[in-house]
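A short worksheet on the structure shown next.
By letter and in written order, the chains are A, B, C and D; residue numbering begins at 1 in each of them.
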Amino acid sequence: MNSFGKVFRVSVFGESHGSAIGVLIDGCPPGIKLSPDDFMQDLSRRRSGAKGTTPRSETDTPDILSGVFNGITTGAPLMLMTRNSDRRPGDYDEFRNIPRPGHADYTAAVKYSGFADMRGSGHFSGRITWGLVAAGVIAKIILQPSLVKAKLISAGGIDDIEKAVSNALSEGDSIGGIIECRISDPHKALGEPFFYPVESAISHAVFAIPAVKGIEFGSGFRAASMKGSEHNDSFVDETGKTLTNNAGGINGGITNGNEIVFRVAVKPTSSIAVKQQTFDFGRKEMTWLNVKGRHDTCIALRAPVIVEAAAAIALADLLMIDRAIHGSRG
Amino acid sequence: MNSFGKVFRVSVFGESHGSAIGVLIDGCPPGIKLSPDDFMQDLSRRRSGAKGTTPRSETDTPDILSGVFNGITTGAPLMLMTRNSDRRPGDYDEFRNIPRPGHADYTAAVKYSGFADMRGSGHFSGRITWGLVAAGVIAKIILQPSLVKAKLISAGGIDDIEKAVSNALSEGDSIGGIIECRISDPHKALGEPFFYPVESAISHAVFAIPAVKGIEFGSGFRAASMKGSEHNDSFVDETGKTLTNNAGGINGGITNGNEIVFRVAVKPTSSIAVKQQTFDFGRKEMTWLNVKGRHDTCIALRAPVIVEAAAAIALADLLMIDRAIHGSRG
Amino acid sequence: MNSFGKVFRVSVFGESHGSAIGVLIDGCPPGIKLSPDDFMQDLSRRRSGAKGTTPRSETDTPDILSGVFNGITTGAPLMLMTRNSDRRPGDYDEFRNIPRPGHADYTAAVKYSGFADMRGSGHFSGRITWGLVAAGVIAKIILQPSLVKAKLISAGGIDDIEKAVSNALSEGDSIGGIIECRISDPHKALGEPFFYPVESAISHAVFAIPAVKGIEFGSGFRAASMKGSEHNDSFVDETGKTLTNNAGGINGGITNGNEIVFRVAVKPTSSIAVKQQTFDFGRKEMTWLNVKGRHDTCIALRAPVIVEAAAAIALADLLMIDRAIHGSRG
Amino acid sequence: MNSFGKVFRVSVFGESHGSAIGVLIDGCPPGIKLSPDDFMQDLSRRRSGAKGTTPRSETDTPDILSGVFNGITTGAPLMLMTRNSDRRPGDYDEFRNIPRPGHADYTAAVKYSGFADMRGSGHFSGRITWGLVAAGVIAKIILQPSLVKAKLISAGGIDDIEKAVSNALSEGDSIGGIIECRISDPHKALGEPFFYPVESAISHAVFAIPAVKGIEFGSGFRAASMKGSEHNDSFVDETGKTLTNNAGGINGGITNGNEIVFRVAVKPTSSIAVKQQTFDFGRKEMTWLNVKGRHDTCIALRAPVIVEAAAAIALADLLMIDRAIHGSRG
């Protein structure tokens, strides 16, 4: 279940403090120019380094281990990998008995009967999104000339994101944020009713990103307060352009050619410097927990490029499925 | 792509004014007592009949055509079907050139190169959710003793749902609403990182429901304005119970045993009595459109049972996957 | 697991003596002319009526319940069904305690914990291949101008098939046979290494047919006795035509444009008039079994059209997958 | 399409002369003791070194890059990889215009529009089966106490395999062979009708092995010449044991608890020292081809462990699916 996509298929692997993380990509067309450099812009947006992001240092450069010959994709599976260099297993040892609130420590222990690698959240770490971003780079190429762009539009409930981060940092606390993603010049006719509409595909991929709590398309939750006469988007010309875009570019689960728009809610980072009271499963009593180690104040700062990747992967898969059934369009 | 689920697999078929609609269910365990009566409570919640719902009359009773012998599931695929009796194709003929705003008329025409059955939205009709609800009945049995319950918590932006509907009805307009779904006594350890966490599975299924615009789990979009110290749910005892439930019962994509909580935004019904200006693709000019026929004022009134079904189907699939890999759990 | 295909997806349902049998087809392109008549030729080849085939009479005409509008496929899922009219449950009641040798009675009872519908082999009946043949009709249209043709080339070990059947009939016994299938004018470049080569796709579909015991492509088992210098097929022109066709039209799992050739071994019908000794699981002792009812002397007589269907479905799926990744070819 | 399995999911990657080959395994249960040493026995059976096998020297030791912590599987995806050390790209350069008879050179060029990595057959190389064998080691552990054993039972049409190989070696030619695989003490009730019976699952996996031309279960092709009264296996006791085993341990696609038996036909190695006449696609004329480089005289010598792996992977997947739907049995 560690794969996404029916034709363009992305499988991630690795643990935060294991020897390597990476991604296997199947269904990538041959003939795409591809070098490690092509990944660096998106990968460094994920790593960030800005105030409020974790200071962990990793080079993150991808090794392309298969599927590329002479700098061009061959049509065979692509294996992209990077070694973990900055491994600090010691930071996390004490959390076996005292699972950190908001983290997957407790559920991982239950699900995997105590065998999960708990170091730095193991396979549940945000670090695993490296593979998602790497696959996203390829998906974006496949989707051209469509352009997938996401940005953080608020943090901690306010628009001044820098201020919100500074405040939280000074308090040793963390904050969440809202990311908006827009896909301009999208392919028309993507999406498969009944069970693979655009919203299903994108939300499936986006909720794989740790810390995502919600997603809405077009008017989203605001639609619940609207009237039909306000919400309906009138067509204005024969290209299918609409006057408003409450639909977020999607009707009946299928892209209508207008900009695809969705927003994603990201929760505040679970690791905080502030002390928290929680249960000690070893001693069977409440205790105070002090989470040490390096953390993001606002994980949402690094998430836009991951959201882009998730959306691009979902749309690339839908594009291929549409092509499978209907042939290459116009 | 008309199927959902990896092991418990649900495939719907049919058109609003075709001869029948139904659902094929694969992966249903043998030994479940099942008669047509078992479906009627949920199916009638979908049909409604209350003020603000469409007056279309269908008996909706399911024919169980395979997979059940002597009133008990056999382990073979279940085919559940109902005939469409109240078919009025004439109502919709004029919308070929003038696709209705908010509907799938335009995208269906583009995607299917003009061959789509457009009568009453065809395969895009809300009527197709009959099969989803029928499959949901079985999924709920599989999930026992977990209980899946959804309700409409606001409509048109206000809590007094009856008043909101009356107002919209009198204006010939429509309204949206917000549905909250709670799964009590959920199985622990459901959900598969990286690409089939609980949120991905449920949102994938829920966005297959026409008119859904957003979904959020636990604190949802509110999380974006919260601090980590507020958001983190402290564990309070060795069963994994938490003091708060901002996580909505899910950590790292895996159920932690606390109540699963999510909310869904439903847009206002696209068909309204109010006149709308839109594009005439035949005459290539703007025109005024007057949508006749029977419509729901507030489609969200009928949606809770469909949301329950989508969630139950997703969780039943996750339950079976967990069992596949980890065996039956204590 | 009752579905085959990744994009062109075929799901069968029904039991031999249930109320209906049928097939749900997803991924069928819109715009294909389709009426019940189009299915009759292949469906009657499956029913046969020749000497050595079962005298059960069923009209077998398909009801097209969805996915077709005005005689043309719409792109929505196709539901094809036929009612079982000639149901004789009484014939089979005694075999609960004494599972018939060669049949699925024993394994069905074990797998489904006693809940399986055992009437006429239930979901294990050859009758379920009705849906396979119906789906095959559509797959053959999708594959045009390729032509998929199978025939019985030997029965009971001899070429004179009529004589072999007569002999077996007179002895109250049954015989097996070998079917050869040839796909002329095949699409080039079908098949996906590593795990969906042409042979994997076709064999997966063909072994779903009850009574199939083996499959071989091109030179097949004879290849094991050959030398490389005999076996290698030399290319003779720039279309990729080869001098010999030991490869059966497939190199490295991918079609090379030469005729695809494979053979299928079908075992003798398990139901025979001859008395058989076997175990009585109720009385826990050996017993003599006398299988009454209507049976095929040589099930292989009716199987060629089913083999064609299985091959066509597999190739249609591969064609769509190839198109998904590589676009429409030349 | 580079993955096999629905729950226990195996994806291979790499090229013969690329930087690495490997396998990603999803759905592996946690708690399995696993070290690189556990793979060496099976991996060295694949490498061989005996007379008649290729002299290419690779250490082949697997790097376990994820999914194992402290020597025990964690439940997260397993990435197993080995570097290619003995790379000789030069050997194969001349075959771009003159595709080697029996190889995938021609089809790879057509399918991947000229972008395929052709060095040493690239992704089509037998070397890619390294990943299959590695995954097979894990599958065999999952299947315990079942034992999966395959051996070469004939080569070049005779039982004296050593002699057959010597003869072919001396002629600069190659030979095929037949491998028999037996799974003793198999789990009962594995296999899913209609489309995932045991034979479909195993044949799907086995035909992914390069050079396999046929497969037969139990009596196999011999069944076509048999009578029902000979072929039917009588049950002899209440464990389901049968007197004969023409069924190969499978009734109606489901294991009956008797030994699973199947045979696989392997063609002679395509690369031979003997000169071959074939088409030069560059000069558009027939030519004589002299394939240099290192080759196996009888690839079937190394294939038994790969056949075991394919069977074990297929059965492990079926075991998990059965468990998903029916829970842990007895």
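Note that contacts are C-beta pairs under 8 Å (C-beta built on N, C-alpha and C of every residue); 3 or more make two chains touch, one makes a residue touch a chain.
Remember, predicted model here, so these are calculated numbers, not experimental data.
Both copies, chain B and chain D, contribute mostly matching positions to the interface they share, with over half of the numbers common to the two. Counted by C-beta pairs in contact, the busier of C-D and A-D is C-D. If you average the Cα atoms of chain A and of chain D, the two centres end up 36 Å apart. Computed centre separation for the pair chain B/chain D is 44 angstrom, with centres defined by C-alpha atoms. Annotation: 25 Å between the Cα-based centres of chain C and chain D. Within chain A, contacts with two or more other chains are made by residues 1-3, 6, 11-12, 27, 30, 75-76, 111, 113, 123, 193, 321, 326. Chain contact summary for the complex, chain D toward chain C: residues 1-4, 6, 10-12, 99, 101-108, 110-111, 113, 121, 123-124, 128, 154-157, 168, 171, 173-178, 188-189, 191-197, 199-201, 203-205, 207-208, 210, 212-238, 240, 242, 246-248, 251-256, 265-272, 274, 276-279, 281, 284, 286, 300, 321-322, 326. By the touch criterion given at the top, residues 1-3, 9, 11-15, 18-22, 24, 26-27, 30-31, 63, 65-67, 69, 72-79, 81, 111-113, 115-117, 119, 122-123 of chain C touch chain B in their complex.
Interface residues of chain D facing chain B in the complex, by the touch rule stated above, are 6-7, 27-30, 75-76, 193, 320-321, 323-328.
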